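Look for chain A in each of the two complexes below; its partner is chain B in the first and chain C in the second.
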Partner chain A sequence: MPFKRHVEIGRVALINYGKEYGRLVVIVDVVDQNRALVDAPDMVRMQMNFKRLSLTDIKIDIKRIPQKKTLVAAMQEADVQGKWDKSSWGRKLVVQKRRASLNDFDRFKLMLAKIKRSGLIRQELAKLKKESAS
Partner chain B sequence: MAVGHVPARARIMGRDWPGTKSLRAWRSGPVSRRINNLVSGGARGFRRATPSPPPEAKMKTILSSETMDIPDGVTIKVNAKVIEVEGPRGKLTRNFKHLNLDFQLIKDEETGKRKLRIEAWFGTRKTSAAIRTALSHVENLITGVTKGYRYKMRFVYAHFPINASIQNSNKSIEIRNFLGEKKVEMLEGVSVVRSEKVKDELVVDGNDIELVSRSCALINQKCHVKNKDIRKFLDGIYVSEKGTILTEE
Partner chain C sequence: MAPKQSRNPELIRGVGKFSRSKMYHKRGLWAIKAKNGGVFPRHDPVAKPSPAAAKPSKFYPADDVKKPLLNKRNPRPTKLRASIAPGTVLIILAGRFKGKRVVFLKQLSSGLLLITGPFKVNGVPLRRVNQSYVIATSTKVDVSGVNFEKFDDKYFAKKVEKKKSKGEGEFFEAEKEEKNVLPQEKKDDQKSVDAALIKSIEAVPDLKTYLAARFSLKAGMKPHELVF
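Moving on to the complex of A and B:
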């Protein structure tokens, strides 16, 4: 019930609005009550409103406003990208992206696959029902 | 989460983020164009003599919190701002949903005691003040459930004695010979008793301090004198002592 993900120096966040949508960044400093200084290995350091950030569980160990190379080194050490790709949130985003980029033929194939899969599930369910009824 | 509502089928790829389509449509749409024309219309446009200054922003404290110890012999349950306290004298609940605070039970640190911690994130002066009052309310729940509350009231009369009889198995009191007959019902869980050894005294007992004190107030208010100088007509039933049932030395 209490807050677990705090805004702190080193907290990894996901940008959820704006030009940088979908990017993982590290909070490197807090400007004021509403804004943070945010940095990532492949981006110029910039300020962002907290409302544009979704905090993640990942946190790295850095001092206030580190140099770019220290930041990159710390991120490599903490394996931020690896942890993100393994986390359920990171994996879900990949799936959402894939689903949004389907064309009509892909959706057709998806429909067939779903039908086939639910057919198999129904068969197994019928078998189990028969066993429990008898 | 996001600044705007994130639709389910968002365009995640590319430079567009959820909400850009509607944002662009709004910005170049007919309504927005008319508003722009009005605002920049000059003499014909919508004019304000001087724009009203924005109100002063209140200072917000990032985090203010307080903790309190929970004594042994009392079990506390905290769930969604509803506090339940159970002890030897019974069970009490209190709902703090009107406050914007976080309640949590902390496990023992080195001392080995359970604590209740109340936090206010980005609170104004008033919300930070509410932390301590919430703690006091919980403290009252705990003493109510361990020691109970006993309020004593005395009859005060100049000449004509006030007659009071307890009815309904200590649940209601009937007052006679005081500006007519008055009947007062006690609230739930509260009992009244006529004190034996002391003359003209009532003892009001209960677990919940709010209910006990309110019952005393009901008795007191029934005996208010109307249309007279109250500095002279001092008769009535007044609370003389506020204490607990079990007293520890």
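Moving on to the complex of A and C:
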């Protein structure tokens, strides 16, 4: 019931709207009730409304508004990218991107593969049913 | 000849770097004058051949007839979409073969696209189709072994029947003689085009079943988000 992911300095968030959609950023300061100052290794530090951010579980240990190189070093130490890639959220995003980029032929091959797989599963199930019935 | 480069670079629009006197020197007008004895060379106008005296017209029309406006239109075949290249698999959207996935061969001079099923795979013969009724996928088939040079719009023109003289009695009976039998020549053309195509199609796994199946929108598919 209580909130687990808090807005705090060092909280890693995912931008879910706008030009920077899909980018992982770190909250380095809070401007006011609605806005935060966010930063990432490969972008200019900018302010963003909280509504555009989705908080993640990852948090790094930094002081308020660190220098860029301090931020990069802290992110390397905490292995933010690695943790993100291992997390189920990060993995899901990769799958979603792959599904969206499927070509018409790819979708056809996927359909064939799904039919084949479910055919095999049904066979096994039928075998098991027969065994349990007898 | 390359367009003439100005010797006077533009600082901003309308203002050159060099003054009139500087440009006089840069262009070497003093040298041209010196060569011509201190005066700028001038040439007398070439005598234009005077037009032969036009005879007064014998007839003037009573009303002023308006001349139609000049039409300089240069008709050319429709611009082919960048996504369509020989060998591309296309999805036909309308007509008898809607939903069928076919192979594109070339664009004809009328702008229409020449396609083939291949016939053995999905029943679509050598046919013309308009670019607007087609979705181009990014799947390509190798058409290097196929010779489709001889096909053009004339190949697909309807056969014009000679008009029989109107004899009342036998008029209705004689009409039903020739139904549309496809000439053997066209069947052979289809076979020769498809032979090489089918070989390259079978080289890719699942491509043959892909071309045999029709495309349809299923639940949850959003056309504007689909990548073809």
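Note that in this section the second predicted complex is superposed on the first by the 134 of 134 C-alpha atoms of A that agree within 3 Å, B and C clash if a C-alpha of one lies under 4 Å from a C-alpha of the other, contacts with A are read in each partner's own complex, and residues count from 1 in each chain.
By our rule, a contact is a pair of C-beta atoms (placed from the backbone, for glycine too) under 8 Å apart; a residue touches a chain by one contact, two chains touch by 3 or more.
Just so you know, these numbers come straight off a predicted model, no measurement behind them.
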Dominant contact partner of chain A by residue count, chain C or chain B: B
Which of chain B and chain C A:K68 touches, first, second, both or neither: neither
Which of chain B and chain C A:K127 touches, first, second, both or neither: neither
Touching partner for A:R117 - first (chain B), second (chain C), both, neither: neither
Partner chain in contact with A:K19 - chain B first, chain C second, else both or neither: first
Touched partner set for A:D104, first chain B, second chain C, both or neither: second
Touching partner for A:K86 - first (chain B), second (chain C), both, neither: neither
Contacts of A:P2 with chain B and chain C, given as first, second, both or neither: first
Chain B and chain C contact sites that coincide on chain A, given as residue numbers: 100-101
Chain A contact footprint on chain B (complex, rising order): 1-4, 6, 9-13, 15-19, 60, 62, 102-104, 119, 121-122
List of chain A residues in touch with chain B within their complex: 1-3, 16-19, 21-22, 33, 49, 51-52, 54, 93, 96-97, 100-101
For the chain A and chain C complex, residues of the former touching the latter: 100-105, 108-109, 112
Complex interface listing, chain C residues touching chain A: 89, 91, 101, 137-139, 206-207, 209-210, 213, 215, 225-228
